[in-house]
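First chain A sits with chain B, and in the next complex the same chain sits with chain C.
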Partner chain A sequence: MKRLIPVIAFAALAVAAQVVSFAVGKEFCLTQLTMAVYYAIVVMGLCLLMGFAGQVSLGHGAFFAIGGYTSAVLTTSDFSRFEDSAWIAALKRAHVLYLKADLYGGEVLAATPWAAFLAAMAMTFFIACLIGYPALRLKGHYLAMATLGFGLIVYKMVLGSSITGSADGITGVPEWKLFFGLTVSGKSALRVQNYYIACAVALLLLVLLMNLVQSRVGRALQAIHDRETAAGAIGINTARYKLSAFVLSALIAAAAGVFLTHYNGGIGPSEASTLKSVRYVALAAAGGMGNPWGAALVSTIINFLSLRGWFGSYDNAVFGAALIVIISLAPQGPLKPLGLLIRRIIGGIRAPKRGGHATP
Partner chain B sequence: MVDASLILQYFLSGITKGSIYAVVAIGFNLIYSATGVLNFAQGEFVMLGGMVAVTLCLFVPLPVAVFVAVIVVALVGCALEIVFFRKLRHHSILHMIIITIGLSIVIQEVALHLWDEKVRSLPYFTGNEISSVRFFGAAVSPQVLWVLGTVTVMVVLLHLFLRYTARGRAMRACSSNAEAAMLAGINISNMRTLSFGLSAALGGLAGCVISPITMTHYEMGAPLAIKGFAAAILGGLGNPTAAVAGGLLIGVAEAFSVSQLPAAYSDVTTFILFLLALFIRPHGLFGSPSGEDVREV
Partner chain C sequence: MPLLEVQNITHRFGGLVALDKVGFLVAQGQIKSIIGPNGAGKTTLLNVISGLLPSGAGRITFKEKRINGLKPHQIARAGMSRTFQNPSLFLQMSVLENVMVGRHCRTRSGFSSCCLRLPGQIREEKRIREAAMEQIRYVGLEGLAEVEAGALGFGERRMVELARALATEPSLLLLDEPASGLNSRETEDLGEHIRRIAEKGITVLLVEHDMSLVMTVSDDILVLDNGARLAEGAPSVIQNNEEVIRVYLGSGFEHVASSRKP
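Moving on to the complex of A and B:
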């Protein structure tokens, strides 16, 4: 029961945000909130890697972009040129490719969003293994720099290749019909539905992460986090666990990328930039790395405020300052002191009833 | 076919850029040795140095402007250490690194609002944009000689300082064993402040000498910090001499990849080479595995 409390609290918070936005007539805010929730999903994945496995990655923006771009390229490009080949025909029969109307009334043969999603996951898995296997032999700052370099390579390649639309990025990504009539799309009629889809994905992921962390695997990761050599000495396959955590968090980032790309209807190269990657790490740290709930909350709030343009041209400055303040005052993340405060208040109310003296 | 003078030309442009990366990398190393923190605001010192000098240059002669700019940046470095890191001694290293990232963003934004987004530059120290010196068939701007000369003098002086003066030795003592240094009567806090001030001063001076060639812009710090970090890692952290080698290698790799590939991909080749080097030698080219992870804590 105790483990359900945060789940219920978060679900209540999500519903409250929607109800309030409806009540004050500012439902358009839900659009930015949805985007902020998707970004928060990347931060949750990073929490697993940083807070539990103790490995830093300054390249998660790249995985987000790999997911988003793979899905965007596959769902928007036209494969009908290759229609004669047996492969394409087979894929068409398997409903991996379908004919859709393009902007000018013609028909193009593109991949279905589900197929593109699976392809994006496979692509991310492959790249994350390829980069993670050698990189995770590196430690501390060396690992940070290697992942930073990897992110920079992806960013420059996305920016320089014509298949990813160079500096313009890709637009016209179709909506993604999930199931039971649920659709990931940026249409304003589907705004509320999409907000709840994003929240549900995030909440599901949080629950899965909390379960993972409290399992045998989670304890192994914790041991690696605390003292890698000691963990290895007691028989934990440190290399394998670290790689699994890295690949899993990369997949989570890529999945967020796919969802947000369908939601926005496009993706641009700035998603892969170093600043984005650094931002994710900073948000994970500010939220309290070992605390995915705090990280999710802090990153949703900060990203929402900056997406709404609250800080105007001071956006980056406010982000930097918020980072410094949060980390200097509450290095464990703001939820921990808040929780202690609430507990003290509740304790203060309860204690006098029992025996007169307040608990110290 | 590429002829020899062209290769020399690329090589010279590579070591010019590389020497600036080297200075940033040395700054990383100085602070890392003294505090264990990687200061991602290191590139901002270079930017601040250039910006302050350009502004002062409107009122005073160039040498005075450069001198004052270096002092100002050094004071900024000291102030950052005193305000943030002295207070946050008990935070984990990762938290302090994140704070330096925050500082770098804030400094950048302050610079944007102080100086606007225009590109500025100092005048050439000697000669002008079109004057050049012939060097084995390659044309070299006199400013390049200024950069190389200044960086060489800086590195040599720093080396002498760390090796032969009491204060320099105290700094090295702090980096090899802070507790023992404290027991020997060294004021560690002051040494940390000194390391911030020193690396800020180095960065500021580099920002001044490079300004006529690459121009000074409020956003120039972050890319420099990344390249400087790469240089420090490539050489092996904690070793200033290796950082110079790392910086030069990265600069030269960049210059030659521009000569062979579209400019958009120059960083791609540089960083692929960098990653390969790191995967083959996980502790940097000149570093050696330390026993740190089995040390008793």
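Moving on to the complex of A and C:
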């Protein structure tokens, strides 16, 4: 039962945000809120890596972009010039490729969003293993360095190559029909549905992550974080666990990238910039690294305000300031002190009652 | 066959020869101690055996299998567990969680079954908890199970570390100066623990400076000096070995040992 309390609280918060946005006639805010929730998913994955395995990645913006771009390229490219080959025919039969109408009414042969999603995951898995394997066999913050370099390379690549649309990025990414008629799409008619899709994905992920950290695997990751030598001597395969945590958090970032790309209908190179990666790290730290709930909440709120343009040209400065304030006042994130405060208030309400019982 | 056979281990830190062709045997069920002056290479030897340091050209055989070159976690899974000179607990975790980590190498739930809380994982988690509680009761800390390890005193940390090492179901337990930092009563308790552990059939390899502890619990003693083997034998033999007295024990050891006690 105790495990369900934060889930219910977060679901209630999500519904409350939607109700309020309608009540005050600003339902367009839900669009930015949906985007902020997808960005928060990246931060949750980083939380697992930083707060539990104790490794820092400065390349999660790049993984987000790899997910988004893989999906965008595959769902918008035209494979029809390869149509004679047996491969293409087989892929068509397997519903990996399908014919769709392009912007000008012609027919193009493109990958289905589900197939593109799986391809994006496979691609991310492969790349994350490639980077993580050498970097995580060493002790210390080699992963941060490796991912920093990797992020810079990815940024330059998406900016410079024509497949990814250079500086313009890719537009015209189709909507993604999930199942039961749920569709990831930026159409305003589907705004509320998409808001709840994003919230459901985030909440599901939070539940899975909480299950993970309160288990044998979570304890192993924390042990590595605390004392890597002792963790190894007690029987934990430290290199493998660090790599698994890194790959998992990269996959989470890439999945968020796929969702947001379908939601926005496109993706641009700024998603891969190092500044984005640094922001994710800052948000994970500000949310309380070992606390995925706090990270989700803080990053959703700050990203939402940022997307609404509240901070204007001071955007990055506000991120820095928020980080400094939270780290210096509440290093474990804002949720723990808040929880203590609530508990104290509840205790304060209950205490007089108990006193009342005591008097005859 | 001996449980552990160490042959011809040499280890250098730069130009310093920390271990010079050291070799010895540990028989099944024995309590074997390694003693020697500071810098003799005792901890280095334990680190080489447990895989934290490379073993170089020598050969280490554990349960009739060669273990040099294996990673520490593989050696732990093979049945060798250890404690450290400075208790190295996971300070952010509770005592119970620390000992539960000790069950890691005997359990198998992976990322996916933990994420999804599959029935097998829930059952295994329950077993891990029970086995860990049993070890905590064994070292007499059941009242502190939920306390964060960082809040414990030094002696308690040692005991938690011992419980964690025992939770891995070791055949061989390496203890690196378990009595350092303990008061004389705690040291006596420790000696009692070591004997009880040996009675359970766990072989113990002990590195220790407390001679009253070493002489009372050990079946066999290896003396190291400057990284090389100086002597080896039963406590009574070692106590009367002139070389050992000269470099380490000092004359009138009996007198030294008894004067330690208040």
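FYI, the second predicted complex is superposed on the first by the 349 of 360 C-alpha atoms of A that agree within 3 Å, B and C clash if a C-alpha of one lies under 4 Å from a C-alpha of the other, contacts with A are read in each partner's own complex, and residues count from 1 in each chain.
Assume a residue touches a chain if its C-beta (ideal position, glycine included) is under 8 Å from a C-beta of that chain, and two chains touch if they have at least 3 such contacts.
Remember, predicted model here, so these are calculated numbers, not experimental data.
*Asks:* Going by the contact rule set out at the top, does A:Arg219 touch chain B (first), chain C (second), both, or neither?
*Replies:* In the superposition, A:Arg219 contacts chain C only.
*Asks:* Check whether A:Phe150 is in contact with chain B, with chain C, with both or with neither, and answer first, second, both or neither.
*Replies:* first
*Asks:* Pick one for A:Ile88: touches chain B only (first), chain C only (second), both, or neither.
*Replies:* neither
*Asks:* Please indicate which partner A:Gly320 is in contact with in the superposed arrangement: first for chain B, second for chain C, both, or neither.
*Replies:* The first partner, chain B, only.
*Asks:* Classify the contacts of A:Tyr142 with the two partner chains as first (chain B alone), second (chain C alone), both, or neither.
*Replies:* The answer is first: A:Tyr142 touches chain B but not chain C.
*Asks:* Which chain, chain B or chain C, is in touch with more residues of chain A?
*Replies:* After superposing on chain A, more of chain A is contacted by B.
*Asks:* Identify the partner contact of A:Thr229: answer first if only chain B is touched, second if only chain C is, both if each is, neither if none is.
*Replies:* Both partners, chain B and chain C.
*Asks:* On the A-aligned overlay, A:Leu190 touches which partner chain: chain B = first, chain C = second, or both, or neither?
*Replies:* After superposing on A, A:Leu190 lies clear of both chain B and chain C.
*Asks:* Output check: A:Leu305 vs chain B and chain C. Expected answer is one of first, second, both, neither. What do you get?
*Replies:* Once the two structures are laid over each other on A, A:Leu305 reaches no partner at all.
*Asks:* If you stack the two complexes on chain A, which partner ends up touching A:Leu118: first (chain B), second (chain C), both, or neither?
*Replies:* Touch partners of A:Leu118: none, neither chain B nor chain C.
*Asks:* Where on chain A do the contacts with chain B and the contacts with chain C coincide?
*Replies:* 227, 229.
*Asks:* For the complex, give me every residue of chain A touching chain B.
*Replies:* It is residues 50, 56, 134-135, 137-139, 141-142, 144-146, 148-150, 152-153, 156-157, 159-160, 227-229, 274-275, 278, 281-282, 285-286, 289, 314, 316-317, 319-321, 323-324, 327-328, 331 of chain A that touch chain B.
*Asks:* Touching chain A in the complex: which residues of chain B?
*Replies:* 38, 84, 87-88, 91-92, 94-95, 98-99, 101-106, 108-110, 222, 226, 229-230, 233, 237, 262, 264-265, 267-268, 271-272, 274-275, 278-279, 282-284, 293-294
*Asks:* For chain A, which residues are in contact with chain C within the complex?
*Replies:* Residues 208-209, 211-212, 215-220, 222-223, 225-227, 229-238, 244, 248 of chain A touch chain C in their complex.
*Asks:* Of all residues in chain C, which touch chain A in the complex?
*Replies:* Those residues of chain C that touch chain A are 50-52, 71-73, 76-77, 81-82, 84, 88-93, 97, 100-107, 109-111, 114-117, 121, 124-125, 128, 164-165, 168.
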